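Letters A, B, C, D, E and F name the chains as they come in the text, with residue numbers starting at 1 for each one.
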Amino acid sequence: MHVNADDFFKAAELDKPRNTKDSKLPGLNTLGISLARIDYAPLGENPPHTHPRATEILTVLEGTLYVGFVTSNPNNTLFAKILHKGDVFVFPEGLIHFQFNPVHDKPAVALAALSSQNPGVITIANAVFGSKPPISDDILAKAFQVEKGTIDWLQAQFWESNHY
Amino acid sequence: MHVNADDFFKAAELDKPRNTKDSKLPGLNTLGISLARIDYAPLGENPPHTHPRATEILTVLEGTLYVGFVTSNPNNTLFAKILHKGDVFVFPEGLIHFQFNPVHDKPAVALAALSSQNPGVITIANAVFGSKPPISDDILAKAFQVEKGTIDWLQAQFWESNHY
Amino acid sequence: MHVNADDFFKAAELDKPRNTKDSKLPGLNTLGISLARIDYAPLGENPPHTHPRATEILTVLEGTLYVGFVTSNPNNTLFAKILHKGDVFVFPEGLIHFQFNPVHDKPAVALAALSSQNPGVITIANAVFGSKPPISDDILAKAFQVEKGTIDWLQAQFWESNHY
Amino acid sequence: MHVNADDFFKAAELDKPRNTKDSKLPGLNTLGISLARIDYAPLGENPPHTHPRATEILTVLEGTLYVGFVTSNPNNTLFAKILHKGDVFVFPEGLIHFQFNPVHDKPAVALAALSSQNPGVITIANAVFGSKPPISDDILAKAFQVEKGTIDWLQAQFWESNHY
Amino acid sequence: MHVNADDFFKAAELDKPRNTKDSKLPGLNTLGISLARIDYAPLGENPPHTHPRATEILTVLEGTLYVGFVTSNPNNTLFAKILHKGDVFVFPEGLIHFQFNPVHDKPAVALAALSSQNPGVITIANAVFGSKPPISDDILAKAFQVEKGTIDWLQAQFWESNHY
Amino acid sequence: MHVNADDFFKAAELDKPRNTKDSKLPGLNTLGISLARIDYAPLGENPPHTHPRATEILTVLEGTLYVGFVTSNPNNTLFAKILHKGDVFVFPEGLIHFQFNPVHDKPAVALAALSSQNPGVITIANAVFGSKPPISDDILAKAFQVEKGTIDWLQAQFWESNHY
């Protein structure tokens, strides 16, 4: 096998505009670690999600981020914080968490290190309201304590977004 | 230490009416396993939730259950099934899943075996819309692709249910 | 890969006569879990055995079972219990255990969940007295504190049962 | 804590007569390893047993040993070998194994290294026929395919040996 | 226990002068992760060392670093790279590695994430030439293929540095 | 697969002259263990090295050995001991350790058992002063607190030994 130093390396390229939302690092697949660069547009966000098989360490490389996670039952406490360049935050394995760029005129960039080479991602809104086929609105109406009409409306957003 | 056979045993007591929703088994705390009996009222449900640190095996002891889980990104496929007495279903670690008793006049009883002595439970609706303090409605409106008013309405349900 | 809900599902089929002694569940081979349905004839048993790589959780689906396990040296304490429908019992990893249907006119059915996809089974009598080639009767006579003639008799039972 | 080189050291003392059967090494309890010296009288044995939580590496320091293990179901194959001074043999985790000194006029000494600091030992004969309380002779007669009288005789050996 | 968001947070404080060489993050001791900020003076270095129980992910927060690690026998290949702000490099568990600030007039700052809450650090020069008591110069002269006088000279450097 | 008892066996062959320095045991590659016989010439040594992924148990089969390891920062304490035939010593995972035969007219033989099937070996002198390409002498001079000329001399030894 041809291995070189670049297999252990991820360039930041902070000076280049980016369209892709995140980019996985190749070459770490036997080390039990994943790395991803995440770019946030002004007022952009990485919506509430979980990694079923990894703890995440996030380092802010540029800009400002408002981040948080919610603890499991029964407390469901939100731990949240404003982060600046160079700050670091940890999201424990399996908990629901998010990042949000609260600045309206500057992008942000962060590096996420995950404690598994196969961490998985579950975006909560998409899994609950956008699954294929959809979860019965009877079940979701009871779970979210609202009318079925509200659930149908929420599911319709994901249906549409999947069809345009 | 005084240990006896009852430390490895869980009586079903299927003939007794139950008020409690589930009951943990004592005595398994060094074996990497948890057990819980779950009682479902007619049309009752165990709403969408995850266990951040365990795979779950569910066995139906009485009645009928409609169960399912949703896979992680990017597919978010729903795998669902109707289960009868004695049937078994597996929910992989960290994935969002639910159980629902679709029968309007009979309760159901199931046994859940979890592959950790500390599996954790995150009820999705409560963690996302009922956290203390609440997650900003800016973040949730964008995540769920709806107006902030809809998010405020969803959050209000949990606020009220926590205060009555 | 084509995966569907049936890969996570095991039908009980409690209403069907069964000849096979147990049946493994397909589709769990990346989840660290095995499931097996075990059918017991009246006065039938699952003789003393160990799983070298798994803890077992047994749930009685139909009938009655007398179950037990023996702790390791130096105590060799027997923990045993009568189980009825819906009852659950745990056998810790690597310990010798058994199940026996003490009812002379009714079968029993149980579900065994094992904490490994490759738990292994060692039936004690077969491994000790029925190995191929046989263990020297000098060694076994000393171990079991009996005459070599008794050992030869025990070994002969397995020799014969392997040749009819 | 006062730690010194002797906490990582086990003297062989091959020139000293030994009464004790084996002696655990202190000081390894955070390294996931156990060591035991085993002394075998002429024609002495370490009877069939398992370690529920460890693989074992045996090195012969003095004398000759006949050793073996039996594989799990369905084959129950005996793998056995004569070992001389300096020879090494491996017993896989959880399998039934034994060592026997086949020489009538010389002792043997071996070193057993186990891949756990808490490997456990189950001596098969003692666990099956000498448990307290005893396993029902109905169950054992069926398992060993012999008359209950034979089982009672086997159990009596252990009963007596536990009371003198 | 009183836990808050700061237990999961590490401020960069990139604008503040630092004297301490690195600073561990509190509050991660159940997550299997350690974090350390490392400050490098102009032409300063983190000399060749290993972490016996962790892989390391290094992110450059400010300045420039020349980093590398050497593979195990038989190849002993050096993988090295110049890193700039935002760049990331991975040092596999147990391998000898270093970081060096090659710029003579600017400090550098990096964040090290380690895959264990107790990774350990072995600085090679100190362990080999500065141990207490010293390793015999017979052994080291042969290992490093030099005269004992050279070894004595190397050991003297560490002796002196430990006594001023 | 054809497996037999020899796959679990390593002959000592203490009566045969050996040229090879150590010999790995085949057949253990699924058991999480490695074994190696090590032969030491009179005044020969196994120079300071680490195993990045294993704890080692060393048993002296013939002769005498002076062995030791150095703890991690900040203490760098040397734990060392003279071992005779049958003695055992443990080297914890990732720590720098060595063995030396202090007898000028007799060889020694030892058995090393390692707690991984892929333990890795890093010979310190070779990795630090003999890597390909070499580590910058600026970095090593600072690390070892000596002139660059001393480092160049040390590196030259390995350069030459790799070219004759």
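Keep this in mind: a contact is a pair of C-beta atoms (placed from the backbone, for glycine too) under 8 Å apart; a residue touches a chain by one contact, two chains touch by 3 or more.
It should be emphasised that the depicted structure is a prediction, and the values quoted were computed from it without experimental measurement.
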Inquiry  = Applying the touch definition from the top, give me the chains sitting in contact with each of chain E and chain F.
reply    = none
Task = Enumerate, in label order, the chains that touch chain A and chain D alike.
result = none
Request  = Check D-F against C-D and say which one is joined by more contacting C-beta pairs.
outcome  = C-D
Key: chain E against chain A, contact positions shared by both copies (same if over half, else different)   = same
Key: Chain whose average C-alpha position is farthest from chain E's own   = C
Task = Averaging only over C-alpha atoms, locate the centres of chain A and chain B and give their separation in whole Å.
result = 23
Key: Averaged-CA centre spacing for the pair chain C and chain B, given as whole angstrom   = 31
Message = Centroid of chain C to centroid of chain F, CA atoms only: how many Å?
response = 46
Query = Which residues belonging to chain B are in contact with no fewer than two other chains?
reply = 68, 92-93
Inquiry  = Chain contact topology under the given definition, line, ring, star, complete or other?
reply    = ring
Remark   = In ring order, beginning with chain A and continuing through chain E, the chains are A, E, F, D, C, B
Ask   = How about chain B: which of its residues touch chain C in the complex?
value = 3-6, 8-14, 25, 28, 31-33, 35, 55, 57, 59-62, 68-69, 79-81, 83-93, 109, 111, 113, 115
Residue ranges of chain B touching chain A (in the complex, touch as defined) = 45, 47-53, 66, 68, 70, 72-73, 75-78, 92-96, 98, 100, 120-136, 138-140, 142-146, 150, 153-154, 157-158, 161
